[in-house]
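Just below sit the structures, each encoded as structure tokens.
Each of the next two complexes has subunit A plus one other chain: subunit B in the first, subunit C in the second.
Take a look at the complex of A and B:
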């Protein structure tokens, strides 16, 4: 029999005996869909964070003394500007505002509206603003998480901050951050720098930290060394450090899930093994017929393996498609909380469709291949049974 | 807990290879059972049963081979992503060098794939021929293959455990040394390249004259020579960078995955030699050996000659 006619025969068999495989097929596609959504979600978030990292400064210098994070002296800005290879240095003002009754944190960021921002996301925001109008009175721009929160507690037009010097600061809501930037701006409040400085209680001559941009990325190592020796009470965070931290974090989250998942797979495979070991009359009949029409045992074994392979492969495809719909069209309800954390303001991000080829390979490897291995022995056992005994 | 072990690719790699080893052990038990009771001349029921048992080994090996090839690709891809985590590593080569037995492991995986393809071929020949002429060869070869796979499993476990995310690796600085190193018998790299081409010509000659012993010795020599020349000579032309001496980056996307073709053709060439040496040396085997080796030489030399023609000088 030629390859093609054999395949045709196989598909006919599969169509005729749908019942035999329906349970395996459904269970397999469900299992694949779960793991696939975790992997897709994790790489999508990771990719988004990495792409925003591109816009970050090359170095961030913090004042770190005896294990405490302190405000950074502003005069360091001038010092760092003297290092050759450094193109731009900027002091930043930011901090968290804590809303005690509900135990919520907001990220408060102060921007110097007339300066060019190193962090490019912020620069984009400023470019869309009418600065004169924004600075007319005390205004702020808020993220969608903050907006929801303010609406809930009836701060529709303004919010009153209480700075550490016991005064009151009434700040008006100017506008919201655009949708789609939720992952980063969800709990963010942006306002003018002097105002933020007052609300956060940062004295004159100090900033929260200092960001540094290089003119030539190849001088990274040299500048890094100079930064280290410039002051001994600093903590220097590099772009690479952050990227590595993200990779570690997502590897960890995905990996823990996967380690647990392997047990589920093993259980499923054991079930599968059991199911195949219990010889059904239908299977027996089929094999007897095939053998009496002159098929060799070897042919039947590979035929059966291909049959199983087709079933599990279609389950794989269906599972991946289901996961794609779940993550990128429905934005992964429930599952996203594991990755994004739901303790603070709730986030409703839209995940951008992004699939790593390695993820598809991992899915294939963790399910399709063990599946094949699990059916090898039962199929063999079935095929080598004594013919005369089987007919009886 | 080691952060490397928990990353999805690595845990999958270890899970699958352990599963394969488990099934191969099962097949090993059957193989030993058969070897102890096998009698070529007997025609009783036991011998028929043994034949059926041997089918299991065949089936498991086929599936295991499929998985090994898959795992090899996964291994290459996953150590590339691990390079992000390991300080100082710029690509997979750095990761391979930072763990213990890294290069040995890759070589072993390579050998296992060639041997597994060969085993399946032996099995087919055995089924076709009358009276199972290669039966014991097949069985002993399986035991050898099993030992190799078990060894590579053990090395892989050790390799991943030895990777550290804290210690920086020397990575490419090892490969980037400018000093001239001597390889074989104190020959310089230019002399090795000449030896590489001469060996290729001798292989063609030996294939044409069907000298089996000569051919097998030459092919082993050629394998070694091609590794050295690819790393220290031909790869620099593929990267167009005289300091980039890396057997690994040619597998990357930047170089159009040319490495998979180069190594794939080398696998096929060695496999055909193995096939020709063990089984009858037919005309089509001869042409296959010649084609595979020629294709390999063309693939590695193409960039080198192209570079010379377009720039009129060597790197």
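Take a look at the complex of A and C:
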């Protein structure tokens, strides 16, 4: 009963002294919302990128000469197939299509639409894809950013490409990639491989690069070494390289995030200072009342701890919920531009909810513990103070 | 009931200067006595009350309440003693202004294992004794000075304390409310409470139920 009575009394104080906590509560919620948004956003993007990494080939071979990237001879495909442990080798056709009047570029990808695996993969992404219909004429599937761009310049049904041989290629817009895949497909145009080859000007017998998959991961090092020595003008990109690239993806934006974190830390320190000094003025009366009515120092400190824990926990939960709504329902306006600002076409991705519980726990610990300490220390200092100075 | 023997209290400031607030205080108060502790400001009255309430330890000497030496009590046990035995009436209006009169009595009760019904009964009784029952639901911030003082008295007696310590209880009251307060003291005396009033207000000379008067000057009893 005593515990329940104490809790009732505590809630009574919280409800009747709302003004005392409102600034702390609002500031804390805002701060938590900002930090949690950054966490949610980066976790979501990294998770999406990492899940695409799983579908990446084990090796990508590119042809280099004097530091310049060249098209890769297609005959290497047969050579690589002979390496023991290799299960699949495929030449890829892709490149950049530059739209000079508006200084925009699109990622043009040619896929072998007669390859059952590729068609299945595409159908997984667009389940209404009818491949026969797609191949009936020159068609393309475009990302949301490309679609917006085409709409803006009235290319609603088709777009005319101008390949290097100065001919014209009228390609119809067949479908749009789903919004959820925006992070990867926003500026992408997918078409049949021979058409892409023509538009990009890649000669027969050449591909953009070659991807290699292994049947046995234990053969990784051996195959890698064989790939290196097979041709001396190549660059071998491994899955690990891509993973490293993804991990470092946000590093160049470190300055922006450093500023954001410094802002959050400074605000938090101010909040702690404000809470620390507030204890002196506001809680003094309360402590005198509690001491004179028979509360021990330990009981007062635990009472104050619970009181502030309720405030800070509510602020934390509200902050996290706000961040969740902001990122996963509103798709993080403003903040997404910091994360994805380098895209040449404006990107409106739908972030998939992915939350790391440990991150939330760390955020909770970093925020709540110093906050509670900022309350307990001055309360304890007041409690052990000479009562003559307090009760007058 | 209360026995003090050679009680001394020395305060040391931040510059390590000593100030002796109480010098060899010895006194005895019997149950149901009403004792007046007279003295000018700074004479050590509040310090003496704090020592009896176990809010402060003496530098030396013995303090016995109901036969128990309270000097050696830990903070936890001293607090329990204060809760069960002492009702403290402060000079300033130490009240939670945003709470109602009856809610202001809760700090003295919530640590006890009482049912809601028992709590309500105790609150009702205390408010009635302090003659503030009619304002039970009213917020303290809307009360007059005299009503606030009655609320503090209700809080001091809500836990059925045997000893009521009053520190300059009329310092913030006008004459009418001070006289009303004297009536309340008489009621407490009738309830067989032991009362110790520290004051320099001459109005207490009119209080008929006073059994003893001590004069405290410069930390010594005269």
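The rule is simple: the second predicted complex is superposed on the first by the 331 of 392 C-alpha atoms of A that agree within 3 Å, B and C clash if a C-alpha of one lies under 4 Å from a C-alpha of the other, contacts with A are read in each partner's own complex, and residues count from 1 in each chain.
Methods note: contacts are C-beta pairs under 8 Å (C-beta built on N, C-alpha and C of every residue); 3 or more make two chains touch, one makes a residue touch a chain.
Quick caveat: nothing in here was measured; it's all calculated off a predicted structure.
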Would you sort A:198 into first (subunit B), second (subunit C), both or neither based on which partner it touches? neither
With both complexes overlaid on chain A, does A:370 touch subunit B (first), subunit C (second), both or neither? first
Subunit B versus subunit C as contact partner of A:243, first or second or both or neither: first
Examine A:336 and indicate which partner it touches, taking first as subunit B and second as subunit C; both and neither are also allowed. neither
Touching partner for A:297 - first (subunit B), second (subunit C), both, neither: both
According to the stated criteria, A:2 is in contact with first (subunit B), second (subunit C), both, or neither; which is it? second
Could you look at A:285 and tell me whether it touches subunit B, subunit C, both or neither (first, second, both, neither)? second
Return the residues of subunit A at which the contacts from subunit B and from subunit C coincide. 297-298
Which subunit A residues qualify as touching subunit B in the complex? 39, 243-244, 247-248, 251-252, 254-256, 258-259, 262, 297-298, 301-302, 305, 357-358, 361-362, 364-366, 369-370, 372-373, 376-377, 379-380, 383-384
In the complex with subunit A, residue positions of subunit B that touch it: 3, 6-9, 11-12, 15-16, 19-20, 23, 26, 52, 55-56, 58-60, 62-63, 66-67, 70-71, 73-74, 77-78, 81, 84-85, 127, 165
Residues of subunit A touching subunit C in the complex: 1-2, 5-6, 8-9, 12-13, 16-17, 285-286, 288-299, 386-388, 391-392
Over in the complex, which subunit C residues touch subunit A? Could you list them? 11, 21, 46-47, 50, 53, 55-56, 75-76, 78-84, 86, 88, 90-92, 94-96, 98-99, 103, 106-115, 119, 155, 159, 167
